[in-house]
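The structure under discussion is supplied below as structure tokens; questions concerning it will follow.
Chain IDs A, B, C, D and E follow the sequence of writing; residue 1 opens each chain.
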Amino acid sequence: MVSALDRAWIPRGVVRAPLTRFGLWVGLWLGVFAVGAYAMYLCLADGLFHTNMDNRYVFGLWIFLDLTVIALGAGAFFTGFLLYVLRKKELKAVINSAVVLGLICYSGAMVILAVDVGQPLRAWFTYWYPNAHSMLAEVTFCITCYLLVLCIEYVPILLKNRRLRGIGGYLVFEHELHKLMVVFALIGTLLSFFHQGSLGGLFGVLRGRPFAFREGFAIWPSTFFLFILSAIAAGPSFIALTTWLVEKISRRRLISAEAYDTLARISGKMLMLYVLMKSLDTLFWLNQTAPARGFPAHRFYEFGNFGGWTLFIEIVILGLLPGLALIHAPLRAKRPVLLAAALAACAGVTLNRFVLTIQTMALPTLPFDRLMSYWPSWQEFAAFGAVVAYGVLVYSFSFRYLTLFPQERELTRAELMQRSQEA
Amino acid sequence: MTRRATPGKAARYGMIIDLDRCNGCGACMIACAVENNVPPPDAKATPRTGLNWVRVFRVETATRPAFVPVMCMQCGDETPCVSVCPQNAVDVDPSTGVVGQIPERCLGCRYCMAACPYQARVFNWRDPQWPAGMEQALNPNVSARQRGTVEKCNFCHGRWHAAVEAAANEGKTGSVSYTPACVEACPAQAIEFGDLNDAAFAAKARAAGAFRLLEPLGTGPKVYYRTGRAEVRGAVSGLIEEAKNGQRS
Amino acid sequence: MFPWVYGFSWTPGHVIFVGVFLTVAAAVAVTVFLAVFRSVQDFRRGKARQIAWQSHFHDLPASDRACRHALTGELKGRVCDNGFDCRQCSVHARLTAIETAPPAGRLYHRGHTWVRPAGDGTLLVGLDEIATKLLGSVGQAAAPPAGTVLEANAPAFTVRKKGAEFRILSPVDGVIVESHDGSQGWFARVKPAENYSDVHLLRGHEATAWFQREVDRLQMAACQVNGMPALADGGVLEGDLSEVLPPGVWESLSAEMLLDS
Amino acid sequence: MKIARFLSYFSGLAISLAAGWTVLPQALYKEVPQPASFSHAAHTGEKGGMQCTDCHAFRTDGSFAGVPKLETCAGCHAEPVGETASEKRFVEEFVKKEREPQWQIYSRQPDNAWFPHSVHVTRGKLACEGCHGSHGKSAALPAYRVNRITGYSQTVMAGMRMDDCVACHRQRGLSHSCLDCHK
Amino acid sequence: MIRRELIKFAGGAATGLAFTPLPWRLLGDSAIWTQNWSWMPRTPRGEVGEKEANCTLCPAGCAVKVRTCGGTPIGVWPRGEAMCPAGFAGHTLPWHPLRLRQCLNRGRVSSLEEALEASRAAAEGGLAVLDMLPGRTASLLHRVHLSGIANARYIPAPQAEGGTARAMARLAAGSVQLSAELGRAKTVLSVSTPLLDGWAAPRRTAANRGFTLWQAESWRSRTMDLADSRLLIRPGSETALLLGLARQLLQTAGVERRARLLQGFDQLQAAIAHAAPAAAAERTGLSEDRIAALADALLRGQPSLVIADGDPLGGPLPEDARLAAAAVNVLLGAEAFSTRREPPVPKPWRCIECTRLEQVDNHSIGLLIIDEPAPGLALPWAAIAPKLKPEGALVVALTWNRASYARRADWLVPVPVYLESAADAPPPPDTGSWRIAVSPAVLNPPEGAIAAADFVARLAGAEPDSAARLEERQKLAGEEELEAAPAPAFTRILPAGTDGAQLAAAAAANLEGPPVAAHGWRQASVSPLLGKLWQEWDLRPAPGAVTSHPETLRGLGWHADSGARLESEAGQMQVLLEADPTAPSGIIALSAGPAYAQICEAAPNGAWRLKNPKVVRS
């Protein structure tokens, strides 16, 4: 009976894994989710001493991974912007997957923030008594709004499901909503522009942390714009990577090579722009901003494990090289090169977030204080594991029962035609 | 975001700490903990997760080590923690200049702790516990903070309240003078407390040999340090020109 | 957040910040409300089914949406983006303007149904050969009773067989006057609505070219499952396919052909 | 047929509105009995002839003593003075057994709020009725209702919350910065 | 269809809910709930008053004022003079987690009467009262009540503080109590004594000490940090340093001339015969001219003073070191010593004599009563155990906590602590001027608690009136402080019967011990709040912390920041191994908490010694 129900919900014309294998996959990730949920319960009920954070490392694994996940989740708004506003038709193949990825990244980040905050029951204070000067207040407002927009963008994909389609006016509402999608794409872009930027601004405004402090334009430090650029650069790569991953796991061809190429090309161009701006900003910071505050450059890089190499890897190895590979068409055409460059771009953004959260905390500000190191506790890993498991589960169910990749039927048929010619 | 101050009554309290007198006994840390109902350490507390509103650093110098008490500097200009708190739990009090940390509104995001250059803020990582019965011996002028909130030195604001109450009892208005716990506790009278708006105290604060920690960051700290020993000034203030003659290990 | 809340202060930064937030929230709310309002409008104006087909149509793979004129070779590789509803299609109007032969004999609808005007002003509607091949005679499939209102491109009736169900699209607008078990090929006599036009139905050489392509499609879809008796010479399969094919294959095959994915 | 379709929707709406506006305010508060009954009117009337400050006095250090302790009551009530049953019970239960009555304080502020009576009454010359209402003239103690979640009494939740204090300060142009009242 | 109706009904209810106060009140009230959690303590309410008192937790007896709220002490603040960190948390002692509140007989709750009966029965076999904090009025009362009991002895626990002064008393003419008057000294040499850190020194800080301090120690102590000149010596080489110093002093004519006239000069000659400058330098690890510079500074900076008491928790210095220090003081003229003036004792009180612990012969005590009134007092159990009768001996501990001697005692009787009953502090070791520092009773003690003096009084069948007697003595002594009397002339350099050669041999013998410098901070155990300094911050070494140079740790195969067990024949204690690059290499600094004394042996020369210590990784 269950397999019949399952078959009834799976869209026609596509082949999905048999229910047993899918059940196994869901069971595995439910296990990871359960362990993480227990860790979250510990932190909420007992207290945050279950983590290894302390009065120096006030931000730990969770905030670092939050920033990374939201940066990579920028693929949603950027793909939407490119498709609906700049009319890049070939991205129609990945827009549904991008929206689902965005929803997962942002909702996961919000859940982790609720656990990371000492008093989650008072979280609404930020809305009720907002501090207009605080970057964190701006981030909170924008992320909640954008999460709402993402949910609204997810609704049409949901209503397209084969069974839901039959009910009343769902399809009509989906149709009307689809016509207004341009408005949501624009609002999404505006919101994402601000909260990606404010996440960068979080550290750029820290007058007390010369390692992170940057001057900038009006009230926005330069890290505001750098975070937006890096998010836009990493977003499409992340979507390309995830699509390839889903193709590998489901063993089906999901998008055309042309879609891959567009994603890579745009990501490459943005990455080059980001590397340029990042280099300029770093030079200005090392020679002008920090020394003026009594912190010559060597005071940041004289400590053993956080030497100058982090800067070199972030800008050159994980920034310049993938950028060049992605903007160079023949190189980009080779799939392994494309995937490696995309992975490098995402790793570059992750390292940038790591440097701004963990290294800023590690470096002492008082001359007589010392460098401190930090390693997350199992509760921190497990809690984030739960969010990843939640993401995988949502994606798996969406991939199985909703049409995330419209081109899949086309490609499957083309494949069959080809196979029948050979036979 | 400061409300209108009572006219003509504003004080800007500040401290001068004489590093040559401080001998690192820690009386100020214990007196501060008693005065402000800071719970005793629990089994798993460490120097990095402990609750201390004032911390005495031991700073190695070429000659004798110097002992430097570091507490919240009640920064006056561009207060780093006030501008970053997302829900205004931190606010410079107009009538005293003290940076108020209100645990009832703090939601424990700890962003102010990241912003503070002096790491003078500490976080309640777990529920505060006192030995059974010790609640009767807590200071009535200060309320205990819940788990998950940030706390910091507020120049013993409980004592400012008591002073205001006593002044009101005699019908007096205007800024009051009082002595914080660490000033009263110091065996060497190394800490001086006063109103930076009053010229004499301000002159003493800016006298020769006085300096402030991380002054070039421009946050306007209101705790001044004084020492006659150049190597201590070099090691403690970290200013580039002093650092040359003070050996820094 | 609001002026009556304790922390509100009329500083420019605060007002701008809260203002932007409220406008964005309002914009989102208005857009969603607009979508809901329009949907209700469509319902009221009864365009629901039409829209349902439109949005459904957009999901079909490009190869299933070949334009009728691409079938006949007049337009190379053009994909229909109007849900096969050539009545509003400017391209079709342009092409048929050239050829004005009166409709003679059967007119075919892409959903594998045909229409034939029966002298007395009514129209006979029936399943074409491929549909009957797939579903067997309409008889067992309980044709729609007299009096039901038909709408072009909307589901006329649903065929339930072997646990699968397919909806058959109606080729014309009108009211069924008399239904029939289909043994003579037609299952309903329809009194056409006043604005009835059979412009969107295929005729003559279009029909033959379309029929030939449908057979190719049927054959190609059928060979998806190996071990199926593939026809070497491309001849039409015999007998009622629902008996011959295994149910899973038959069901996806029929869905393929009846455009009900 | 049109209204019928929304009947269930509107019935759900009506029920939840009714519940929210009537049932909730009652369910949120629970009543806690006072240890003994007490009539201000009886004490301050012509028969009792006492002044407020006889019981609610300021201490020498200017802090406000609040509700009197047992020995203040025992001063007159070593033996039952009047003839009411509740007074007899009070004398047996508390005075004879020297058991301090745990009065529920209507205007008890939370631990984190600092309300100095010396600033408001001694210097500010505010009348008690301003905040406490006509409690001083009541013939019997009103029911003490406490909010189940916050633990504040209904008197505080109704009229002595932060917004009320701030409104008063704003009227008088006084500072109401956070540290003025939080401790 | 019903399903659709249900969904519609739920939708209506939900939208309706949004327009009722329910969700918004819940949101607001739950936030307020997080501000008033029931398990958070409510601060006390009541009148805030102040009461003048003195801190009786240690011999310093600082003048304090106790701030009370509704009668309960909420803080202790200095009144005029200074206070040590522990003084500020003294008012929380009544609620110390280890506080003893009922009589226990080997873990079983029993009553005071039962304890008294058991004690009376065991008293026939010889009663002894071991007073852990001698010099208080309560100590006097012990001696008064013991006079009524047959073969009873009063044993004051040997204190590190004042050891040099006691050694000097044996060199002075006539039996008298002496005191090192730091107030009058201009130059002070402190040998392994925490002069600026807990040695009754809260008043004395680096800034206002008024004398130049030379600190000779074998680990980097807080006093070493604050001293003017530092002499890092090998552990156990104190006597060698002092004998070398004596030899250096005798080079100068004036000193030698005056010394010749004193008795015992030849014994001193014999002792310093082996303390040639090279030998002294080699033994102590200092250079010869450093010792010469020290001697020169002491001579020029008269009046100068040498103190070699040792550490209250780390253990007193051996007898030979104190004798050598006394000798050096005599050579320097010892103007800084004064006769201690004791507060007068009311005439009718007849007290028995004090018996030193060494004078008590073994297996002679049937009933041992240990009086432990305050935290941080320590004496190795190995020194007491042999004195008890092998069978039928009863140990009654009149103690404030369930930890220290409670493990060894058959009976535990709770005593009132600081601020629970009127008590006074013993005389301060650093000045001869006399005063009575009394702490009044602010709180009432837990019922079942009895003052130690009253317990002994009831044992002797006398009136348990220790509070009244304290008042009587206090009234008798009046308020003003009498200045210290000048020290009597010194007739000897070394006491009769001290064999010079034996002193020199002892100097060499002390060096064999393990390179461990045991030191302790007595105030640490007054309250858990003191953990702020060593657990929640690293201003002081934690009790049980073994700190040494990283190379030394690596050399011994231990790795830093790991737990271990320090074992000796007398017992074991938990330690934490820590590496400190600024610590002197080759030396292990052991921060002795109260547990250290329990694992030590009491060597014949009075020092505490670890018998073949081993460190086992735990």
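To be clear about the criterion, contacts are C-beta pairs under 8 Å (C-beta built on N, C-alpha and C of every residue); 3 or more make two chains touch, one makes a residue touch a chain.
These figures come from a predicted structure and were not determined experimentally.
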item	value
Path length in the contact graph (subunit B to subunit D, fewest steps)	1
Chain with minimal offset from the mean of all protein Cα atoms	B
Higher-contact pair (C-beta pairs counted), D-E versus A-E	D-E
Computed distance of Cα centres, subunit E from subunit A, in Å	61
Euclidean distance of C-alpha centroids - subunit A vs subunit B, Å	40
Centre-to-centre distance between subunit E and subunit C (centres being mean Cα positions), rounded to whole Å	97
Approximate Å spacing (C-alpha centroids) for the pair subunit B, subunit E	32
Multi-chain contact residues (two or more partners), subunit A	119, 122, 125, 128-130, 133, 137
Multi-chain contact residues (two or more partners), subunit B	1, 46, 49-50, 87-88, 103-104, 127, 141-144, 146
Touching two or more other chains - residue numbers and ranges from subunit D	61, 63, 110-112
Subunit B residues touching subunit E - in the complex, by the definition given at the top	20-21, 23-27, 29-31, 33-35, 37-38, 40-41, 45-47, 49-52, 55-56, 58, 60, 64-65, 103-104, 127-128, 130-144, 146, 162, 184-188, 190, 249
Residues on subunit D engaged by subunit C in the complex (per definition of touch)	162-163, 166
Touching residues (chain side subunit D, partner subunit E) in the complex	5-6, 8-17, 19-21, 24-25, 28, 59-61, 63, 65-66, 110-112, 147, 149-152
Residues of subunit E that touch subunit D when the two form their complex	5-6, 8-17, 19-22, 25-26, 29-30, 32-33, 35-36, 38, 40, 42-43, 45, 47-49
Touching residues (chain side subunit E, partner subunit B) in the complex	34-35, 37, 39-46, 48, 69, 72-75, 77-78, 82-89, 91-92, 94-97, 196-197, 202-203, 205-208, 222, 225-226, 527-533, 535-540, 582
